[in-house]
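Heads up, there are several structures right after this.
Two complexes are shown next, each including chain A; its partner changes from chain B in the first to chain C in the second.
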Partner chain A sequence: MNAIELKRVTKNYGAFSLKDITLSLPSGCILGLVGENGAGKSTTIRLLLNAAARDAGEITVLGRDVRKKEFRRVKEQIGVVLDEAYYPDVLSAGNVNLIMKHIYRSWQEDIFYDYLKRFALSEKKLFKEYSRGMKMKLAIAAALSHQPKLLVLDEATSGLDPVIRDEILEIFNDFTRDEDHSVLLSSHIISDLEKISDYIAYLHQGKLVFCEEKDRLLEEYGILHTTSAGLSDVPKDAIEAKRQGRYSTEVLVRRSRLSGAFDVEPANLEDIMLFMAKKGE
Partner chain B sequence: MKGLLIKDAFTMMKETKYFFILAVVMMFLQNDFLFSYIIVYAAMLPMAAQAYDERVKWDKMAQTLPLTVDQIVGSKYIMGYLSAFAAVLMVLAARLLGRSFRAEEFGMLLIVVCVALVVQALNIPLMFWIGVERGRLLFIILVIGAAMAASSIWQEAITAPLTLNIRLLLSAAFGVTVIVNIISFYLCRIVYNRKQ
Partner chain C sequence: MEILIKNSSGQPIYEQIYTQIKDLILNGALAEGDALPSIRGLAKDLRISVITTKRAYDELEREGFVNTVAGKGCFVAGTDRELIREEHLKKIETHLQAISQLAKSCGITNEELIEMFRILEVEE
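Presenting the complex of A and B:
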C-alpha cells in the first residue's frame, strides 16, 4: 500500500501554481521532497494534509481521500513537523502535553515524556526560552507521541546545526524500521535527503521533474565531459540534459543507454537536479 | 475542542490577571460603566486569543491537527461565552458585596451580556476574515460602542425600571443574540474554509 498518493494534482494560486503532480510514497519508505524555495513543496504538503483545497486531481493519505470527513481520523495517525514549531511562547512542554492529550485520542503521555528526557528538554521551561534546535525537538517529540504511521516533515531540519540535524535524521530513520511507518521529508538540504531517503521527488517551479527511487537515480544517471564535436558521438536517447561551456560540454546521461566506451562520472543528487532544472527551463 | 480551550486558557493567563484586577477595582468603585465594560471585555477575550494565535502562526499548526473547522472556529465562540459567564459572576459578586444589587438589575445584566455576545458574534468572523491586527480599529469601535450601549441600557433600567417591560426586552435580546451567533458561526465557517 502507498502511504501517500497524488494523482494529477493541480492547485492554482494565481501567481503560483502547482501543476499536474503525480507521486506516491510506498509504506515503510522515506520520500525526500526537494526543490528550491517556492517550488511548491509546502503547497504539496498543505494539500495532502487537506489544509488547502486542490483544484484538480486525487489525493489519498493512508488509504483515505483527504477530502472525506473521515480523514480527520486519519490525521490522528499523521505526525507533522513544520519549518517552525508554531507553539505559543508562553507554553511549556508540560502544557503542550496537556493540550495534545485533549486533541489526539491516541496521545501517549509516557512516550512524550520519554522523548523530552531523550532530547534533554525541560518540562517546565517556557517555549520562548528554548533554542531553535530545542523547539524543533519539542515539535518532533509531539509528532511522535500519538502512534503515527506517517511523518510529514516540512523543512524540519533547516536552520539547525549539522550535529542536531544528524541526530534528528537518525530518529526519522529509526521510525521507518517498522514497515507500516513512512516519512515524507521536504527539504532543500539535499545532503539530508541523500542520507536517508528511499525515494526522491523533485519539484521545480510548481512542476514535478521526477519521482524516482534514490538508488536507481544514482545508478542510472552520470556525467559525461566532452566537447561540442564529441557530443555527436553520444547516442541522443542517452542525453538527458547538457550544460554547454566555452571549452567543454557537460552532459547528464543515462548510463543504461550508453556503451562502456564512454568515461562517465557518477552524478550526485544535486548534479541531477541542477541539470534537470536547466533542461526544464 | 477541549485541547484548544486549554491552549487559549494558557495563552490568556496574563489577560485573565488583568481581568481579575478589574473585578477587584469594580468592587470598590461600583461604577455602572465599569460593570458593562468588564462583561463586554470578557466577550472580547477570543479576539485577544486570536491575535496571539496570529502572532505565533498557530493556525498553521492547527491545520495539521485532527481538528475540524467547527472545532477551530467554535472554540473561540465557546471561549467568549465562558468568559462572559465568568464576568457576570464577578459583577454579581461585586454588586452583592457592595450591597448595591437590586433584583431587577439581574435582567439588565443579562441584556448587557447579550449585547456583548452580539458584538462577539460580529467580531469573530471579521477577525478570521481580515485578521485581528488589520481589524484592530474596527474592533475597538465595536467594543466601545457596545460598552456604551450596554451602559445606557443599564442606566435606563435603573432610573426608570417600570417604564420598560424587562421580560419582553430580555426575550428579544436573547432571541437576537442566539440568531446572530448562529448566523455568525456559519459565516465564520465559510470564511475559514475560503481562506484555506
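Presenting the complex of A and C:
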C-alpha cells in the first residue's frame, strides 16, 4: 500500500505553479523531497494535507482522498512538523500535553513524556525560552505522541546543528522500524536526505524531475571527467548532463549505458541534482 | 554477525550486504537453519534503505543461500557441497581472468605463469 499517492497533480498560484506531479510513498518507507527554495516542496505538502486545494489530479493519503470528508479522521494519524514550531510563547511542554490531550483522541501522555525525557526538554520551561533546536524537538515529540502512521516534515531539520539533526534523523529511522509507518520529509540539506531516505523526489521550478529509489540513483549515476575531445567517445545516450569548463569537461553519465572502460567516479545526490538543474536551463 | 557498509567503495550497497552474508554462509560462520536479522531491523540498524536490504535478501534467496518462511523470517538454507564448490570455482575464475589480463598487457606467456605458480607452490 502507498502511504501517499499523487497523480498528475497541478496547482496554479499565478506567478508559481506546480505542474503535473505524480509520485508515491510506499508504506514503511522514507521519502525525501528536495528542491531549491520555491521549487514547490511546501506547496506539495500543503496539497497533500489538504491545506490548499489542488486544481487538478488525485491525491490519496493513507488510502483516502484528501478532499473527502473522511480525511479529517485520517488526519489524526498524520504527524506534521513545519519549519517553524508554533506554540504560544507562554506555554510549557506540560501545557502542550494538556491541550493536545483534548485535541487528539489517540494522544498518549506517557509517550509524550518519554520523548520529553529523551530530548532533555523540561516540562516547566516556557516555550519562549526554548532554543530553536528545543522548539523543533518539542514539535516532533508532539507529532509522535498521537500514534501517527505518517510523519510529514517540512524543513524540520534546517537551522539545527549537525548533532541535533542526526538525533532527529535517528528518530525517523526508528519510527519506520514499523512497516506501517512512513515519513515524508522535505529539506534542502541534501546530505540529511541522502543519509535516511529510501526514495528521493526532486522538484525543480514546480516540476518533478524524478522520484526514484535513492540507492538506484547512486548506483546508476556517476561523474566522468574528460576533455572535449574525449567527450566524443562517450555514447550519446549515456550522457545525462554536462558541465563544460575551459580546461575540462564533467559529464553526468548513466553507468548502465556505459562500458566498464570509462573511469566513472561515484556521484552523490547533490552532484546529481546540480547537474540536472543545469540541464533544464 | 557483522556487516560493514562502505559508501566510498563504489560497490553498490545491496551487493556489499549480499557478498558479506554469502561469505559468512560459505565459511560456516552462519550455519544451516540460522535466522538472519529481519530486513527492516537490519536496514534500520545499518541506517540504510529497506528496499536495498530487501534486494540483497532476494538475491540470496534466488541463489539458494537462504529460505524465506512467510511470517517467520529468513533462514540460512542447507548449503550442499556442490554449491560451495561452485562458488569457490567462480571466485578462482575471476582471479584467473584478472591474472590473464594483466599477463597479456605486459607480455607474459602462459608457460611463464605456470612456472611462477609452481615456484609459489614449492615455497609454500
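By definition in this document, the second predicted complex is superposed on the first by the 281 of 281 C-alpha atoms of A that agree within 3 Å, B and C clash if a C-alpha of one lies under 4 Å from a C-alpha of the other, contacts with A are read in each partner's own complex, and residues count from 1 in each chain.
Keep in mind that, in the parts below, contacts are C-beta pairs under 8 Å (C-beta built on N, C-alpha and C of every residue); 3 or more make two chains touch, one makes a residue touch a chain.
These numbers come from a predicted model, not from an experiment.
By the touch criterion defined above, A:73 reaches chain B but does not reach chain C. With both structures placed on the common chain, the touch criterion links A:125 to neither chain B nor chain C. By the document's definition of touching, neither partner reaches A:207: not chain B, not chain C.
When the shared chain is aligned, chain B comes close enough to touch A:91, but chain C does not. Of the two partners, chain B and chain C, it is B that touches more residues of chain A.
In the superposition on chain A, A:174 makes contact with chain C only, not with chain B. By the touch criterion defined above, A:197 lies against chain C but remains apart from chain B after alignment on the C-alpha atoms of chain A. For chain A in complex with chain C, the touching residues are 28-29, 173-174, 176-177, 179, 195-198, 213-215, 218-219, 266. Of all residues in chain B, only 2-4, 6-7, 10-11, 13-14, 52-53, 56-58, 60-61, 63-68, 196 touch chain A in the complex they form.
Within the complex formed with chain A, the residues of chain C that make contact are 8, 10, 12-14, 40-41, 44, 47-52. Of all residues in chain A, those touching chain B in their complex are 46, 49, 51-53, 72-73, 75-76, 78, 80, 82, 84, 86-91, 95, 98-104, 152.
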